[in-house]
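Heads up, the next two complexes both have chain A, just with different partners, chain B and then chain C.
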Partner chain A sequence: MHRYLRFPFMLASFLVAVACHAATEQTLTTEDDLGPQVQQPIEFPHYRHAGNRNPVDPTNSDPTKGGMEINCQYCHTYARRSLTAGIPPLQKCVGCHQNIPTVRDKPRIVELFKYWDAKKAIPWKKVHDLPDFVRFNHERHIKRFIEQQGRPVQEVCGYCHGQVKEMVTARRQKPITMGWCVSCHMKEHVVVAKGAIPEGGTPIGKQDYWYTFQKPAETRNAEGELTAKGPNDCWLCHK
Partner chain B sequence: MIDSESTKNLSGQAFDRRDFLKVLGFGGTAVALSGCGNTSIEDGKETVVSYVEAKDYVIPGVAVYFNSTCAQCDAGCSITGKIREGRVLKLEGNPESSINRGKLCGLGQASVQHHYNPDRVREPLLRNGDKGQAISWEKAYELINEKLQGAKGEEVAFITGDVSGHQKVLLTNYIDSLGSKNHFVYEAVAPAVVRAGNLKSYGVEMPRYRIDKAKVVLSFGADFLGTWISPVHFAQQYAAFRKGVDGQRGVLIQAESKMTLTGANADRWLAVRPGTEGILALGIINALGIATGDVAELVKDYDRARVSRDTGVEPSNIDKIAAILRLRSPSLILAGSAAEGYVHGMQNADAINLLNHVLGNVGKTIEAPVSVPFPQLTQTKGNTASLKKLNDDLAAGKYKVLFNIATNPVYTAPASYKYGDSMAKAGFKVAFAHYLDETALQADLVLPLDSEMEDWGTHVPEYLADTAQINIQQPLMERLHANTRGMGDILLTLVKQRKPEEYKAFDDYYGYLRYAMLQNKAALGGSGDDDVFWNDTLSKGIVKLSGASGALSAKAAVEGLKLPQPEEADKQYPLRLIPSVTSNLRDGRHTNQPWIQESPDPLTTIVWDSWVEVHPKKALELGIVEGDIVKVTSKTGSVNVQVYVFPGIHPEAVSIPMGRGHEAMGRYAKGYGVNPFGIMDAVFEGSTGELAMHETRVNIAKTGQRVIVVKDEGPAGGKQMGRRVALSRSTDQVDLSKEV
Partner chain C sequence: MSVTNLLNNWAAVRHFHPIDDKPHDPYKWAMAIDLDACIGCNACAVACYAENNLPVVGREKFQHGQAMHWMRIERYWNEDSREFPDQGAEFLPMMCQQCEAAPCETVCPVGATNHTQDGLNSQIYNRCIGSRYCSANCPYKVRYFNWYDYPTTDNVWPAEMNYQLNPDVTVRGKGVMEKCTFCVQRLRAAEVTAKGEGRIVREGEVQTACQQSCPTNAISFGNLVDPESRVYKQWKAQQVDLAKDEQEKDKREGGTDLRGYRIFEDLRPYPSVMYLERVRESAV
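What follows is the complex of A and B.
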């Protein structure tokens, strides 16, 4: 290396290092952190299935003008029943699409039926991957936010998966790292005891059980509301 | 990235401030780059394959459970398999079964390793010189048919292990259809002398033992906690026995020449001179002093001085046993396989069973067996006499076609049989096998079998606990390998070759099984809809039957009971060889399951190798220490094996465990340890013709080599840790014999 290049190079390295450090530091927000655009065997249009309806034309005759607002859980049916969300069986796609003749000749659907006729599974690529030593449980999060607190499905799924309803094939939008998970679990959330709102109980308050070994410590915020942190036992994810 | 000058600096030259910054800069960059933006693990790399069509109950990540039957031994424990994403992961006992009541032993747990074993045979193989050539199933069936055309019925022979249920019915029909009467049922470690002894003493081959009802159990070498008949069941009875009847903790006394797992759990363990168990039993009857009539006449010469001299058991111990047996009733006396591996094994069994009669235990702690309403489904019981007969016939060249169904006699026959050579005289040898074991390697045609987790079947175990039951075996998952077949399916295809009309309605064994069960729906306790009954049966995994239990003969069988005097020690071969049955290896059919190899032997904690147990006194006499490689020589042959000095063995005996020393079978079995069958003399029990396993006499001689015994316990294990064994080499290259 030429001697006169040393300083600029070192300076550049240093700046890159600082920049990267800043980028990897987990803030307590859920900023976007886009993953790679993954090539899938079929370019599945999430926006078309889950996207918002076109307010002007709610019948959706034109695919470019809006989605169908299909509940995420209609296809990702395992998420509320299991640790893993799974991928819908091919049968699910075909179940609807054999009754939709209008799009039958579209290249993606033609491809879909090729797999179906051969009774072959589609080799989807994993978009959200966790290390093997992490056991993330979809079911619990859905029970908590959708069933107990009655929040909208797309919002809840979006906490971790981002705005899938605006994507074609899904792309990772959140960091999905431990620090990022903990950033949410460390927040003081307002606790609504079961019974106060019939549909919106939480794991604390008058609940019969907790998801953790210990009942989370309860505190009161400035408004005097009861708050507590989410479960944060190591064991919860690292069995 | 680091240039030559920086390297030079790093390697020890003086650092100035600029160099320091430089290194810091590069290092920081490297760390940051590796962390930057690379937060997820394998986004977009791994494939997630979804189902094409999924059953409603299939949820990824959530296990489903199916009931089936364990096939690792013949106890017939019912199991519940955990299946996730179509793969069996773990087995547990099925609580509904009265045999194992929700428990499962280590051997049963290891059966998933049988299923997923990398050494399973995957294609039908036809011998082509020294090689096996993969052929199609159609061609294999055709070949069998063709070979059978050229053979008369009496020229066809079958050798199988214990067989029961509908598979037995099909097999019997097939053998009949060939006009053959040569079905040899062979089990290397079957309790055949126990059965014969029981039949003589109690009128039934296999009564129900009630250890849980007994207050004292005196066991003559019956390892009921480890290997004897139905160990999981007996272990639960044992737990109840130890809790006690009326709050009185049961007392277990074990008399045997080599300590078994049960012996290690006993309150008092007596080292008996090999073969004198019967004398001890008669001595105890004498000491009890409650016998009358011909029994009293029989035992009158067995006073404690003589018995003590013959058996090596101290007179005070005989008195103590007699005292506790007098004090606590009912008791239970067990005659185990170890007492019966002698020429006079039956006499031993008779003498021991006589003790039960004298103490009035028959009918109390020995109950009549439950009878199975379908005699055609009951177990055909294996023994070793059948192998002797088959071997003689084969050697005489009587058979043109030999079917070997999942047994391995080339490995388990005593070397003096020369079974391999005899087998070679059969014209066409078909082996139905899971592995290319010693026997399959000698066959002309090897047909790969499904594992018990891929196959359909029914089993009726020999030892039934509370009620008669038919155990259902059903696939826990799809076949791992496309070209293996279930034994039932193979038999159905073969029998169709003979009787196409009779069996044309059945496409496969499943169809046959379902039909056969539904035919007897009412007798099996079912009613209503066929599908409901069938689904119910499959989900339970057990069909419980009401069967009356028979009666036991109350009269003691004293006639012809005459025990020989213990023999004087042979000068050339002064020691007895006790080939021990261990709870995980048994007769060696499971040795290729690595969990079995790596789980420490319960008594010595040795793993992955054989050993010979030598009493410390004997070891001192011969100048042997633990780890010495000795040559154990019998009239038949010799093996070199490491010594384990063990006080739980009679000084006049040495013991080598069975099951290791395979020459084939698979990567986890081949070449580990030695095979005691290889040095066993062909001596037979007098009245049953069973192989007398404990009659082999050996001598041992040092070879001068010494190794570190690889085991879990003891100071040697500790020393091993501190000794820095071969740190310079990887573990597979370490020769422990050179490290000491």
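What follows is the complex of A and C.
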């Protein structure tokens, strides 16, 4: 190739590469970005356990329709008291299912009891896998939204995990990136003060004080309620 | 560090300490170390290694000054016409002083080290690019740089030893700066528990690893804005004020017999660690 053609050629290939990349690359900051479909050892039907009851069929005899409305925290019991939500031990599955003879011969349940008889844990795979330097605290969010503000459990879990109650095996619906987390923390939330410490609210109002060395002005929304941002301390998650 | 700070008159801002506006609410973590009780046993340093996943670098790298001891015991020899110089050994546990106006924070090009609301000087490993400017600007020389990828280096955590790593603390990779965190993983756990119960962390509820392991209780740690805490009482009794670069007691004619002091106070970093001077035989 002629020397004077080299640069335009390289420029053109670069632009083509960028265009292809932009066309194929999925953006991570969309509202409902799906994660990869993770293959689990047993296809656990979340919709059947946590999904809404079928009003026409209150006995839930048709497995394709209604759910049991089981609280997320019944199985993911560690969420309210530790950093991680955790997956239930096999004992918890069997604890119920040994008393449900009607589904005992279903292929998923047969598979479940194979693990139980072999005394082996089910090797579930992680769906919402954060990098090792991130320590998201489930407990704090559960305490704030469910216990202090009394919001419905499935709604609160759904803020980050999406509509798990409609899924079979869980799949990541939200980006779960730091920018996505911070987008909520940077909003002005109403401060729910109870007693000496602002409860229900991490919003303390002085969070960004040390970053600016200026006392932040008191912020109020249109209804005149005191508002503040969520914590922006890096050391809450990265340590 | 925001750009707004840099655009404003930075020097004027840094001249005063804004503690009068009560930014530390409800926590200000601080420490007091009684050098008279310190016997230089190094238990604190060992506890720190275990708690914070510090790599043991070995003799050769140690001699190159690449040791990663967040908590180190500095030795001084006060011979004082003794028969054996060893009798005059004095020890000073030195770790990050969690300065209120930290010199390291202002120079970080990427804002990887910040001040937290509860008065800690945070170090964010995944944000650090390894410029080492903070270490250069630290008057206490308590920041340590990962010159090697220690998790993959031989004999740092040989097989099965990796199971003893603390899961609450990041295992740092090559090229990031690290330093004492006042065991922030314990503080945050205690703060979250307390907040869930609608109270603040009580005195004695949280301990740092060094404090926990000290056989002579030389180290006390707690919330400096809590009048019930031991550390508050000690600072008060020694008339050491966090927000001053020269204490009132030192300005007095003829000095003072109070033992409390902070290292390099006059440099105005406003350190959060108070030391209690060793009582020397000559002074008794």
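We take it that the second predicted complex is superposed on the first by the 185 of 239 C-alpha atoms of A that agree within 3 Å, B and C clash if a C-alpha of one lies under 4 Å from a C-alpha of the other, contacts with A are read in each partner's own complex, and residues count from 1 in each chain.
By definition in this document, a contact is a pair of C-beta atoms (placed from the backbone, for glycine too) under 8 Å apart; a residue touches a chain by one contact, two chains touch by 3 or more.
A quick note: this is a predicted structure, and the numbers were derived from the prediction, not measured.
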{"item": "Chain B versus chain C as contact partner of A:128, first or second or both or neither", "value": "first"}
{"item": "Which of chain B and chain C A:119 touches, first, second, both or neither", "value": "first"}
{"item": "First, second, both or neither for A:238, with chain B first and chain C second", "value": "second"}
{"item": "Touching partner for A:143 - first (chain B), second (chain C), both, neither", "value": "second"}
{"item": "Partner touching more residues of chain A, whether chain B or chain C", "value": "B"}
{"item": "Touching both chain B and chain C, residues of chain A", "value": "131"}
{"item": "Chain B residues within the chain A interface of the complex", "value": "3, 21-22, 25-26, 28-29, 31-33, 35-37, 39-54, 59-62"}
{"item": "Chain A-facing residues of chain C, complex", "value": "1-2, 4-5, 13, 18, 21, 23, 25-26, 114-117, 120, 122, 124-127, 168-171, 181, 184-185, 188, 192, 195-196, 198-200"}
{"item": "Contact footprint of chain C on chain A as seen in their complex", "value": "131-133, 135, 137, 139-140, 143, 147, 194-195, 197, 199, 202, 204, 206-207, 209-213, 215, 231, 233-236, 238-239"}
{"item": "Chain A residues touching chain B - in the complex, by the definition given at the top", "value": "1, 6, 10, 13-14, 16-17, 20-21, 23-24, 33, 35-36, 38-39, 78, 81-84, 86-91, 115-116, 119-131, 172, 175-177"}
